[in-house]
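To start, I am sharing the structure in question, which I have written as structure tokens.
First chain written, first letter: the chains are A, B and C, and each begins at residue 1.
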Amino acid sequence: MAQIIDMPKLSDTMTVGTLVKWLKKEGDAVKSGAMLAEIETDKATMELECFFDGTLLKIYAPAGSQIAVGAPLCAVGKTGEVVPDVPAPTAPKPVLKDDATPAATATPATPAPAKLPAQAPVAAPAAHPEIPSTPGQRIRITPLAKKLAAEKGVDPARVQGTGPSGRIVRADVIAAATGAAAPKAQISNSKSQTSSGAFVPTASAFAKGPIQEEKTVAVSNVRGIIAKRLLESKTQIPHFYLNIEIDAGPLLELRQQLNTALEKSGVKLSVNDFILKGSAEALRRVPTVNCSWEGAPSTGSGQASVRQHSAAHVSFAVAIDDGLITPVVRDAHLKTVFAISDEAKSLAKRAKDKKLAPNDFTGGTFCVSNLGMMGIESFSAIINPPNAAILAVGTTVKKPVVKNDQIVIGQTMMLTLSVDHRVVDGAVGAQFLAALKQLLESPSLLLI
Amino acid sequence: MSNKTSASPTKQAAAPAAGTAQSHLAPINANLTPEAKIGLYRTMVRIRRFEERSLRAYQAKKIGGFLHLYIGQEAVAVGCCSLMGKHDHVITAYRDHGHAIAVGMDMKPLMAEVYGKVTGCSKGKGGSMHYFDPKRNFWGGHGIVGGQIPLGVGLAYGVKYKGHKGSAMAFMGDGAVNQGAVHESYNLAALWNLPVVFVIENNGYSMGTSQERSSAGFGLAERGRAYGMAWGVCNGHDLYDVRATMDKFLTLAREESKPSIVEIDTYRYRGHSVADPDKTYRTRDEIEDYQKNKDPITLFQKALLAEGILTEASVGEIDTEARAEAEQATEFAEASPFPTADDLQKDVYWEVDNPDQKTSQGRIFFDR
Amino acid sequence: MPLITYREAIRHALSEEIERDPNVVVMGEEVAQFNGAYKVTEGMLAKYGPTRIVDTPISEAGFIGMGVGASMLGVRPVMELMFWSFYSVAFDQILNNAANVRYMSGGQINCPIVIRGPANGGTNVGATHSHTPENVLANHPGVKVVVPSTAYDAKGLLKTAIRDNDPVMFLENTILYGEKGEVPTEEYLIPLGKADVKRQGTDLTIVTYGRSVLHSLKAAEILEKEHGRSVEVVDLRTIRPLDIDTVLASVAKTHRVLIVEEQKPFASVGSQIAYMIQREAFDELDGPIHRLTTVDSPAIYSPPVEIEQLPNPNRVLKAALEALA
């Protein structure tokens, strides 16, 4: 029976060989050890050796063709023996699983398909059960502290870390679990300053002594977090600013009426309550501002994304000891100004008392910062990530305004919107401010 | 007797077609029984058929990596190893198939080893370059050129330390002689009178670089002179000459505990490894000249035919048997299982393999 | 217990094993007639003769390889490298031959050889003589690696290493040679792969070995006296096999880790330990794993600067305080 001679593996790395030329032709007698053809491998040009005695009956691979290892090149047998025109692939069963190049016919070989891993597939690892909730809100906590917190039912978000970079360590969790606050030397420090004699009236306002003691003071964790987050915000978010002046007369008037009429019900609305309600309504009208930049995924090459928030959770800045915090009025777009007022008062009080739960100051989608009560006419705020914008509210100012072509004394207020240009462009920001202006100048709309 | 004694190292120089006219008369040969002579012939044929079969398996993608064939050099391993006694040891480099068969290893585990099968002589962990059989005093099969030579000196040291009358044959190619470890070994062996014979199988080319392009000086064995060592050369195409020469130096080692260097002139027909080109550094004519005129098997066959020990019929019979044996070894290798991933970490530490005698603690593998 | 030096402890181990087993041979450059470059083998030639105590030429690849070959036949050579730094010229013999021959032979061969000598900086001998190759050695399955820190450990571990049937790399320290410690007169062995808690503590675990153990113990004392911190010092003693369980138990107790080693930082022994701790004791960690190594440059000659290049009690103290933060 004729022997089919396959493309031999002639080097340790060879998968395909080029048949350079045949040294024998069909009909030639050949014997074991004779050289049949020249084959070029990835390493060298080698000779195809015959291991059989007989006649070269058939050449399957023409000179110049590229043939996969194991594919037939020619047939050798007895003269007159019939051999198939195109033999069935005779490639040996692959011995190495990852080398399973399918035997090709004598047509030029194509590169082997992508190889399968030699090992049986391993079961995909189970999805990690705890994926950090939202980027930007990652809590620095040691593995041990995290485990302890879970065991003791302590919410890490409520624990102030005392480790490097505010990292929550084991001691912090234990302190939180037992009710003892983590040591906060900085806070007691500031208290001792206020209780010092600096402000006793008998002392000269222009006393010659030092303004304060010359020393370096470690900042509190709150201060550290504020510093870090605002630095990130101001350096990483492309801020731009839009100003608009509104006529605050109608708003002040409505507020006066309501507070007088409903005094017995305990209603005491602030200007800020209307701003919060107005902001929520303006967000409903221009929802692009109620979004967050989420950037590109940390792994892979996925595209950047922006998250649209379905609800307006409006936060507002509250000054506290050695810092500030931004409690959130959730679903403000669904709440009346009265409800917002009650909630904001409660949140502000709890903020000053340091009794906010993490849920109270996280998850806002828009922020309002109001320095009007401090007499500031206008200012630009730094965006509170991951919000796309923050509204800075100035004080109401009496000044001449033109009304019905008459110059009258009007009450105006400056609103400044700081905007993340990655999410919101100028025109959209302007639409938002225009909507807010309309709402605040026709404040009865906010009572609907 | 060999072109290697002169300063003319090229292989083109005509080498004698056979050894000295006297070598077959040396007692070590003259005293051989006809059966023993046939045995030597048979071993050479078996080596060649084994390797030819392994080449086919390589080309059929059954064998990974490298395959360094010994074809053409058979008389060296067979001649040397046929002289081994109980306390004589052998170590060689990666062209080790011939030595393995010459010391008596069975073809089946040898073929299974190149197939990477668990039934291989090294359980599929060593491959073609790493055949071992310490029970037959065969210490490998080593991959780094010249790296085995200090081990060979150590074997000789062990023989001497234990008070045995024996020797170590440390085989290397002509490419190894310029490695530092080889010269360090020469020095130690000569300094301490260790019973080692350094055997240089000079096939003319260190991979593809001819001796004249790689080695300075007048001869490879002659370097022994610098170390005050006995040295000699012989014709590796002539089995009788290999035996006669090696017998002298092995006796020197066993009886006087003296080292020596023996350079054996030989030739390989195949590339350095079968994957390497063959005609970039030598001509087809050169190879064919050796095959036609100096083939060790043909020459010994002629000698035994002339001596009336072999007949045309027995030559054919021996050849058929050798081919069948190689075929059976291949079938055995084909049918054998591969080692499993569980075998990866066996045979790394003696202690792990002998847990009942374990004395150390702690973790020894670090996958986790 | 008598106080003897680390050097004497090694000599006692060699002597006892030579007397116990006729296959044990001590070899190396200047070990016999010269009495040892660092006097470890002082007096042994006179006592045991030139068959057991053998001077070799300066020829590390040759004589180490010879020892490997002899060990395959059952001789138990204890080869001295005058400095472990010279391992590089015998690399092929140690890490191709001794480490691999058992595997490549399918378990037919084993090499009961010990290669020993000092591997340390701190004596102003420059970059070529100050290598600490324990990480390189331990990266090769097939060899065992031991780095003793005290006279007691050195003796007990060396005796075990000589009896071990695998190749054991035994890394000593020229500065420790003169350090005294209590060593019992009666025979004892210390198993390979068993760490030793050299000091108990609750706030921080220092994982260390070799001379760095001494620095760590000094720093631990200062930390207790001046900072009120309680430090546990775990001496690995053996790098491969590795007693990771003792390390993990200590981490579970203190939750803070500092690794101190006289290695260059990149892919050091400490890198491996740190990997294993985070992998197996992640939830026990109350801070990142810290590491103190030799400063990452070739060993400097300049004596005062070399002190600062290597771990020292002051550097350990600083690193420990950071790890405790």
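Assume a contact is a pair of C-beta atoms (placed from the backbone, for glycine too) under 8 Å apart; a residue touches a chain by one contact, two chains touch by 3 or more.
Computed from a prediction, not measured in an experiment: that's the story for all the values here.
K.L.:
Name the most central chain, where centre means the mean of Cα atoms.
P.N.:
The chain sitting closest to the overall C-alpha centre is C.
K.L.:
With centres defined as the mean of C-alpha atoms, identify the chain lying farthest from chain C.
P.N.:
A
K.L.:
Report the inter-chain centroid distance for chain B and chain C in whole angstrom, where each centroid is the mean of the CA atoms.
P.N.:
Averaging C-alpha atoms per chain gives centres 40 Å apart.
K.L.:
What whole-Å value do you get for the distance between chain A and chain B if each is reduced to the mean of its CA atoms?
P.N.:
66
K.L.:
Report the inter-centroid distance (CA atoms only) between chain A and chain C in whole Å.
P.N.:
Whole-Å distance between the two chain centres: 47.
K.L.:
Would you mind listing the residues of chain A that make contact with two or more other chains?
P.N.:
none
K.L.:
Help me check something: in the complex, which residues belonging to chain C touch chain A?
P.N.:
For this pair, the touching residues of chain C are 255, 282-287, 325.
K.L.:
Given the complex with chain B, which residues does chain A contribute to the contact?
P.N.:
My answer: residues 6, 8-14, 41, 43-47, 49, 51, 69-70, 92, 94-96, 99.
K.L.:
Chain C touches which residues of chain A in the complex?
P.N.:
142-147, 163-164, 167, 169-170
K.L.:
In the complex of these two chains, what residues of chain B are touching chain C?
P.N.:
Where chain B meets chain C, its residues are 89, 91, 120-126, 130, 132-135, 139-144, 147-155, 157-159, 161-162, 180-181, 184-185, 187-188, 191, 345-351, 353-354, 359-366, 368.
K.L.:
In the complex of these two chains, what residues of chain C are touching chain B?
P.N.:
25, 51, 56-57, 59, 61-75, 92-93, 96-97, 101-110, 112, 141-142, 144, 160, 163-166, 189, 191-195, 238, 240-245, 272, 276, 279-280
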